[in-house]
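Should a chain be cited, it is by its letter among A, B, C, D and E, assigned in written order, with residues numbered from 1 in that chain.
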């Protein structure tokens, strides 16, 4: 029956590890297909390293130099100094942790909550589905940023986790809706039905059959949620409606514009541009990597 | 028609429920806002050299406008007021109904949002078609990547860059409000010119930040339609290129109209950054001012109005969709 | 005392004058031309006139430039003031400005809470009677039960409104109600409530069109700008140079910087600006910064009910540690001068009031050794180069400021790094906005916050910032009472009695005395209080504000450089006064 | 093996113009299959074949009637309790591509049900591996080359074999094949049909065969019964060859006449019947469901619903008031 | 119409691969020709190349498609090509798949078609369309007023046929006209095809994977495998006496309604895809029972024997023997 012979692989454990190896080899292939994707991945990895290890290289309280307040970029300070005479680059690096941590939390919550709800709704159907989707629709209708502004008057978003939590709780609607739609359409696919017929558990069906099929989708949404979260929190801090205690790109933007006059004096331009560039670069990285998601998770595209 | 009427009724009912829910939420959020605006006012007056007694009296007068009574009663009053489109009285602007303040502000939001969005829609859709047709070429790639990037850049980043470039480094455009007061309002060249001049930066920001989305959406829509058999069928029937193009365009643009209406609604709320950065006195700025001034009524009013706009946009989008898409019109499309 | 209008002007040259109201962000196109409305399109000294334009004299609160009142005479015991109105004062609609207008305006002032016209029983420096002597003359007498040296200031600082426009706002029986309100008992209570209710009516009153007795009258407003045009009927119209005045809107300081760097503003009041921005502003063609006096200082205030700030040695130690020169340089290089010491008074005023005491005060020059000694004395311990509380728990100086106050935040950041450098852990916590800041501050939630102080020129106003309600002493109807820390707005939580030079004093009571004391009586008390503040340090005075006025010489000239003229009271737009006095000339 | 009596299923249309309208997908279907037996259902599109198949495989609920699997009635059982019974009946889907999860290798696809099985019977991992290879061999695939592949790397025929192999992992007693070959390349179809037939013979698996194509039904089970279903009602049932050769119901006759004639090999039947009108569900259903399209209808047909009955001399049951045997199918040309 | 030496290639990652290879076929006027072949054998590609409409990344590499009164379609381009489509050659798409613009009524699309081809008498066109539809058992006025979604699969297919014929095209290509249709509908459509063909004197090409469909309607039958035409001839003859082993296998693999079930035999192996079609030699050899050494290296030439043409080394050997 078969035409070509594929290298013999048998034995459960070795198959599983071989699969994993194959997966990563496939990912590598997908990434290599376009240099832009590699660039994106490098950028993202760079940001993660920056957020995880970056702050370790600096003291908790960045030293300021009262004699070098709001300086333009120089060899010593690549992006200049802030109105406290601190190195702007150091601020961007130490500030990345808050931004990325809260973005990660947001992405996690968005995806877990959105996916969970979407799966549940699409899988259960019936009354639950109707109710949940109505709620989701409502949630989607409430404009997010204005709601955040109003919420900011009550909650303080004290730390990145809280910030991430709130943004995540505001952001799951789109994912839930999309995942539900996907679930509904996948449900109709024979393999889900077959799994039910075989008596496989719901856990198996959801975890092993449904989720992997939606993985590119979820991964994309996760990355998009990261951009959204960065966008929203930096924006909130920028608007100055939140109190702040720590370094954060949004705080930098706010101070640059409203305290250092970065839009007026070129001296503070570095202070303004550094966080802006960081945001742009992060966005770019994500845009580039998102492009690869579909191919990474689809074995057919991965192995082509 | 009955299908549309039924949909409309459903939407209205749901919209109403939404408004009630949002109003309730904002009422209770607003009632939990910490911070004492009276103390702040008092402090300001004292700093201005008023005696403590005089300041206390002044604050009492000013905050006499605040609703009193039990929370529940305030709530019912508030909701009752909503029925008459009464959003309460602004604290920072005593005597001016919030609705008037917002009405004035809405003007300044709607205009640039509309122009900016339609502009970007037009350009984005046209370039999206190019990006789709030339998707294998460098041009197509460039269009798509520029689209993704612009789509990904936060609005405020764009706005700030524009201000730095066009208002600071090369000061050729104003970024300070909606119009020069020296021109007599009305239909005269000076006034309209000034309006236009002041609107350039906000409009361009709206347009640029939305443009990417349109390019991407239109591109993928066109690619989908191009793959549809009826396009090939039309070609094989020897239809004129212009007609085939029209077939593609109409089918591809259809789903975008829904997004257009929705984004118009959402933009009213998303205008916060642009209005803040360009000092454009629209709803978004009102909302921020409300938040900053602890002007409860203004804040929740602005929030409600923005939400209302989104709901209305939703309804419009759906109705629009159902009138132009025959499948929906006849009720074919399932829920 | 008195003044007279400068009549020697050479007449207006026309042109557009562009300025900004720094006291009030956000123009509101829908707001009425009503000076009492918080967003009202009423610009003091432009289209809204007061009886006189009070000055921030170093020591005398009653100095003023003439406004609607051309001159005034004050009884020697301060018991009455007789006002002579401008003889040819007219409203923009041609009606003359009369004593009746003023009387009605005083009635309006009663409804709004005014220092001299207050319905609060027992308040100091309140008028007891308003008599119209003739069409252009009024006499206002002070209630001598609780007189105040600020009485004249309070009277002159009254906005005058056209009674033919506002006539229906006050009911016919208003003066009777007022009389009733002055009394005691239920009737008085009710009368006072009625007057408060009237206040709201006043606040929301919208004249159909602006009627102004000032040099300008409101033409139109949009959300970005307000336009005023010259009032031909203004009594000194001949000397008013600009033909039009444009007020620009702003929501944040950075916008004003923008206008200033673009050279758009002919004049602007004080706005804080970082050095670089300030340099840019100065570089703009025609721009000039005129420095004047501003009776305000900022301080780092302690909540003494929190450990270790209850210990004076800790406060002193901190005072020895913090380099105020550096703080000022970082936070407010142009808008402030580092405080020479903590006296509770702006240093310029202090030199005028207590020249002998000032040198005796400890200047708290930065001296880590002294600081260490003080901390040791307070029982603090130093472990691994870090200071800890007496019981060994870590000590972190937690400073709070509202996030909009950029100079405060900068200062705190700088103090933080100074402290950290010296082994004291510190943090800066922001609060979203001022109302919340005040609420949390007065609820005693903060250890350390920033506090405006030395609000001159009246001695009582100066010291009540340190020994007033926020520190437990309330002054109701001349009676001073002390509330326990955490009660009645007492967040500073200082002791009721403090030791100064070995003697115990009650600073709150002393401060209360200043409310009625004459200048001569006040001086020794102020010396005592300044010493008390210096030794007890309820706050550390950081810098004294400087009143920077920005002007541009390309379109108009004649800006006053005389400190006296610059020292106008708060809430007044000085350029309006300069214009109406005929000082500002259009550039030929 | 399984006995179904009076199965009915009504769908409520949700949304759209037909909102609230009921579609009677099945109106009392009776049938039974013995162990290793076969039954085939034919009928035009939308007549309820798939619905029936899904009900039998336990994938869809039914409103009325009773299903008994190996004598055990299903109706009184809770869904969880029904599961082990229905596991004996496995469905083979029409589309072999969508029936396999594209993100899982064949190995993974087969392991999941085997793991379940192993857990229930306490078997080892080793057994799972062996069994996977075994079922693949059973369906004629080479386990070594197939196991590590993804579905997209297999041809349609191979995929369908994998689907059948997966069904075999749970040792089913019956397979429900819903148009199991209609999406497979012509040259490969017979392979799958032969496999099913082979499984019947070798493993004694009963087959419920659903198809458009009568000839394939005959190929799978000429010893079984053929059911002709129209709008949810069985209109004719009987031994396969008998129904094909001598259909009684006009609907069966039109279905059979619609089968294309292989002109070089066959000649048209004697009395072909082709109804021109297509099915219109929106008609109210009083009387015979087929009446409107029936060329032989009488007044009685308009008002009265005929039930399955037998007529003398005809081995099959039918639901027609005017039964008449017509030979409609093409006959082989003699000498070919 | 004469197709001569037509080769169509698709550009893939593995280079340009032929989907249709060296196909020659003549459609006699007034006949129905059927092409059968499995999925991927190049049927649609062939059909599209008749209109010079192969979609990128494909292109016609060599060969010609001569149409009477039109010349070589392969050489046509631009307006002339467009005018030829529809007016000379009608193309009918697979059923139920959407060959109609979902947003426009059938009538409007008909008018678009008329305008595209410069028809002045649009009324006449509509009349003609109604007539055609009526001929096919539909209510013309209603159908013209309907949107695609309001029509059933069979109705759409009939509309497709109407649109292909309404401009009086005499050459009609039907690509899988009945796939995904119901048996009864299929029978109807086939009947219509046959009748309309006869009435209008058309030259018709029916493409399908279902040998039954061809057998039912076609006068001539061509069998495609791996991009090659392996056998062609009059339907009855080919079905009755298939010569190419593939044709034989295919016919054998059809279960029958009568007779011995076990006569049906599965064809071994699997159909080739574009990538697995042998580059040289006979495309069918891997599944062929009659494989010889020469099949590995030489592509068998299509040899004519009267009306029948077969491309097989084995057949050639037999004939020669």
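By our rule, a contact is a pair of C-beta atoms (placed from the backbone, for glycine too) under 8 Å apart; a residue touches a chain by one contact, two chains touch by 3 or more.
All values reported here derive from a predicted model rather than from experimental measurement.
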TODO: Walk from chain A over to chain D along touching chains and report the minimum step count.
DONE: 1
Task: Centroid comparison with chain D (C-alpha atoms), farthest chain - done: C
- [ ] Write down the chain pair with more C-beta contact pairs when A-C is set against A-B.
- [x] A-B
Task: Distance from the mean Cα position of chain E to that of chain A, given in whole angstrom - done: 51
Task: Whole-Å gap between the CA centroids of chain A and chain B - done: 25
TODO: Express in whole angstrom the distance between the two chain centres, defined as the mean CA positions of chain B and chain C.
DONE: 40
- [ ] Mind checking the centre-to-centre distance between chain B and chain E? Centres are C-alpha means, answer in whole Å.
- [x] 54
Open item on the list: Touching at least two other chains at once: which residues of chain D meet that condition?
Closed with: 157-158
- [ ] Note the residues in chain E that touch 2 or more other chains, in rising order.
- [x] 270
TODO: Find every residue in chain A that makes contact with two or more other chains and list them.
DONE: 1, 152-153, 241, 257, 263-264
- [ ] In the complex, go through chain B and note every residue touching chain E.
- [x] 228-230, 232-241, 243, 247, 250-251, 254, 324-327, 330, 332
Task: Contacting residues of chain D [partner chain E, same complex] - done: 44-45, 155-158, 185-191, 193-194, 212-216, 218-219, 222, 244-245, 254-265, 274-278, 329-333, 336
- [ ] Could you please specify the touching residues of chain D with respect to chain A in the complex?
- [x] 57-59, 83-84, 86-87, 89-91, 93-95, 98-105, 107-109, 111-113, 116, 125, 128-129, 133, 140-150, 152, 157-158, 161, 163, 166-167, 169-170
Task: chain E residues within the chain D interface of the complex - done: 38-39, 137, 152, 154-155, 182-188, 190-191, 209-213, 215-216, 235-241, 249-251, 253-259, 261, 264-267, 270-271, 287
Open item on the list: Give the list of chain B residues in touch with chain C in this complex.
Closed with: 34-37, 39-40, 43, 45-62, 64-65, 92-96, 100-101, 104-105, 108, 167-168, 171, 175-182, 185, 198, 276, 279, 281, 285, 289, 292, 294
